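Next, two complexes with chain A in common: one pairs it with chain B, the other with chain C.
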Partner chain A sequence: MPDITAVLDEYAVNQVLPAAQAAVGTLTHSGSMYFFPCNYTYTVSGSFSGGTAYLTPPNKVQLAGFTLHYSLYLLISLDLSDIIPDIHIPPLGPYNIGFFTIYIPPINFNWPTITLPLSYSDTATVTTDCTLSTSLAGPDWHVDLVVQSISQLNVNQAAAAILLLIGAAVGPALVGIPLIGPFVGAAILGITTAIGIGGVLNLLNLMLTPLVAGAAFRIYNQPQHFPLMAVAGPNDPTVYMDLDLVTASVVNLGEPELVIYADVSP
Partner chain B sequence: MDTLDSRTLGYFDLYIRRFTSPGEHPYALGAAALDPFSAEFPFTVLVGDAASAAPVQHDVDVHREAGGLRADPAEVRCAPGDTVRWHSVDARTPRYVVRGTGPSGRWGSGRLESGTVYSHLFGLPGEYRWLDPLGNALSGTVEVAYPPPSEDPADFAAWRDAIRTISLVTIRGDSATPTATKVLVGQWVVFGVEEAPGGGMAIADHRLVAPSAEAADASPPPKEAGDAVG
Partner chain C sequence: MSFTGNAHLYAAVHEYGANDMMTALYNTRRHLFDRGSTPYVLPPSTSMVTSRAKIFGLIAWHVRFNNPRIDFDTVIPVQNGLPAGIDRFAIQTQFTFDWSITLGGWSFALPSVLLNIRAIGRRRTDTVTGIGLKIQHSQILTFPPPGFILAFIIDFVITTLLNWFIFSTLRFPLPSLAAGAFTPVVVGIPGIDSDLLHFQAIL
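Our next item is the complex of A and B:
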């Protein structure tokens, strides 16, 4: 039988949720990945707000419909030769130029690798399932809602917008590439088709998931050693209490409740 | 890469020289800005005594190997009146200069003599105003255009056909004919130096020629230019 039992209903959990989200601050994640024909290097940062917490016994809290505010910086590099055929100008000649005859060698020009820089900011609606995690970290006990799985990450509109941005970035990236002129249209179409909406969706999911998965929203924080009663006089000093163990669970007590149990010692 | 400058040669350039004097014409390939005229000439053009019935063009491919520039073949055997063409086989080959010596003195791509050709394939559109950075009163323009935008494969085929033709600018003394040339992206312009102005000449985009350096030359002056004259 725990010494202390604290019970929070859904309303109470939702009251502490905004502060818990704000306390997470801005998370940043960097990485790189390759999906033919592109190599993606990215840095994405995000913060959370809104949504509703639903207590689901046993021991699950769903955070539904909260907002992920994210900004991403993406470098897409790709070998143009994977998109459009390389240029082969055959040998030319003979040409009589008046004082002798010349032959022109063939030109086999391989397209270079180009890099498309992309910045994008947006919001995504996210629904996650969380578990409760209690831990003694340093001098404090924590109870966190830790994201275990993402059941919804709505980035469909963002994917379409990013694909448009990619298409718009191709043209400037081709400036200065010899012989590309007649192939600019084919390059833009080829790159956006090769990546596709599906590719951008996949990319967004892979970039944003690490921001959300594993995120911990702290709903309870208490020093392990804390004053229970303040000093009341020269012979009545402060009374301290130690939290020896803290556990938490979601249980059904007629309605779902988040219960925090604590064992204490003087 | 799309640099109109005969003083250094890139993938979109070629240099052709006619050899008329029998004997050995050793030469070197060097990075223009870094190499002084080399004392070593690892490659050779050997010109025999007997002229062939019809002049032949011999092709030398330039490529980078083991940190240096190599000519393939390293030795060209030809007859008087034959021509030798240098061209890099790889777009990654750094710009280079052909510098040689021989019975008639020094020669090289940095200074176009009579009986030489500098040719450039234009890869980017624009108006290229060229002049002679060696100070001769030679100049002209090359207007390079994209083919008209079109989704029609026939138009694309027409462009491919168009770039299989060359545009010729003939240099005779201080005269270039024509002075204005229009080509499409991907097309070669051949500058045929039938008769070089005294001391030789070069061709360079005016943007590459610093006013104070217009009279300077990257290569040593030839002792005589007559070797290339047929």
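Our next item is the complex of A and C:
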């Protein structure tokens, strides 16, 4: 039998949740990836709020419909040659015209690589399945809700907005490129079509998933060496005890509840 | 039936945990269990025990409750008419009383008293600092008191001493331990049964 038992119902867990989300603070994730025809380098940061916790025995807590507030900086590198065919005109000639011999050398023109910087901030509705995790980290015992899987990450509107931003950024990036004049319209259309809404959705999911998957919401925190009674005078120093073991689980004995067991020693 | 019922929070301490808390208290604040005057307790304080005045300036005294053990149980065996039933707890401890009289530079040590004590009490609620306990009756296990009047006096004295020494300050900080950053409001009356002291609270 554990020395101490603490039980929270779903209401209590939901009361604890905002503080747990705030304690996570702002998470940041960086990376790069390649999807034809672009190379993407990104930094994304995000924080969490809202949502509802649902308890499922023996160890599962679903956080449904919470909000991910995210900001991303995206640098898109694109080799225009992947969109617009390079110009290769073979040599012409030699043509002998009277006393003259005309030779037209080959013309080879490779389109350059352009970079599109892009910043975007938005929110996404997220639903995750978490498991309870207890650990002794440093001087404190923790009970965390650790995200195991993401069952919903709603970024459809963001994908459409980002694709529009990409299209708008292509024009300025093309300025100064020789011979591009007749191809600007085709380039914008070609780039946005090549990336496509599906590509942006895929990109967003790959950028935001590690951000959410790395989250651990701390719902309980106690020092291992904790004060049982506060100091009450010169002859009454603080009475300390040790938390030797903390475990957590979800039970349903009529309603789902989160149970924390602790063993203590003097 | 769920732990929390109509409340949001449930917390319980098993008697093993309660006794660990009692040991921590005993080790840290010995003066709650051990009091006396010179020469038994020397000023300044030693071992966290503060020297008290002699009775009438003549009688040196030393009162100790050693190794108190708590027992949370639904049904506590009735002995010598002590009340029992649900929501009661028992404590067993060894009571020692040493005393001597000093007159004109001569000191006369009087017979020490060593008694095994069993006391029964109920909980009292303090939602700010924790759940408190209060002794109601005490009895001697070592030998049956010779006569009703003496039994009544011993019951009164030991009960008063236990409440005065130990249980006036002892609180089980279950609400703060259970809720972490929150301050729950205890609902209903904390219960004692099945070796547990427990309560429900709302946030």
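As a convention for this text, the second predicted complex is superposed on the first by the 241 of 266 C-alpha atoms of A that agree within 3 Å, B and C clash if a C-alpha of one lies under 4 Å from a C-alpha of the other, contacts with A are read in each partner's own complex, and residues count from 1 in each chain.
The definition used in the following text is that a residue touches a chain if its C-beta (ideal position, glycine included) is under 8 Å from a C-beta of that chain, and two chains touch if they have at least 3 such contacts.
Keep in mind it's a predicted model, so treat the numbers as computed, not measured.
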- Pick one for A:33: touches chain B only (first), chain C only (second), both, or neither. neither
- Task: Kindly classify A:100 by the partners it touches after superposition: chain B alone (first), chain C alone (second), both, or neither?
- Result: first
- Task: Would you check which partner chain A:237 touches, where first means chain B only, second means chain C only, and both and neither mean what they say?
- Result: second
- Task: Check the residue A:6 against both partner chains and state whether it touches chain B (first), chain C (second), both, or neither.
- Result: second
- In the three-chain superposition, say which chain, chain B or chain C, touches more residues of chain A. C
- Message: Tell me the contact category for A:16 with respect to chain B and chain C: first, second, both or neither.
- Response: second
- In the superposed arrangement, which partner chain does A:228 touch: chain B (first), chain C (second), both, or neither? second
- Message: Need the overlap of the two footprints on chain A, from chain B and from chain C, as residue ranges.
- Response: none
- Query: For chain B, which residues count as touching chain A in their complex?
  - Reply: 1-2, 11-12, 14, 16, 18, 55, 57, 59, 61, 83, 85, 87, 91, 115, 117, 119, 121, 123-125, 146-147, 149, 151, 156, 159, 163-166, 168, 170, 185-186, 188, 190, 192, 194, 230
- Query: So in the complex, which bits of chain A are touching chain B?
  - Reply: 87, 89-90, 92, 95, 97-105, 107, 109-110, 176-179, 181-182, 185
- Query: So in the complex, which bits of chain A are touching chain C?
  - Reply: 1-9, 11-12, 15-16, 19, 219-222, 226, 228-229, 232, 235-241, 251, 253-255, 257, 259-260, 262-266
- What does chain C use to touch chain A in their complex? 1-4, 7-14, 16-17, 20-21, 23-25, 27-29, 31, 45, 48, 50, 169, 171, 173-174, 177-182, 195-196, 198, 203
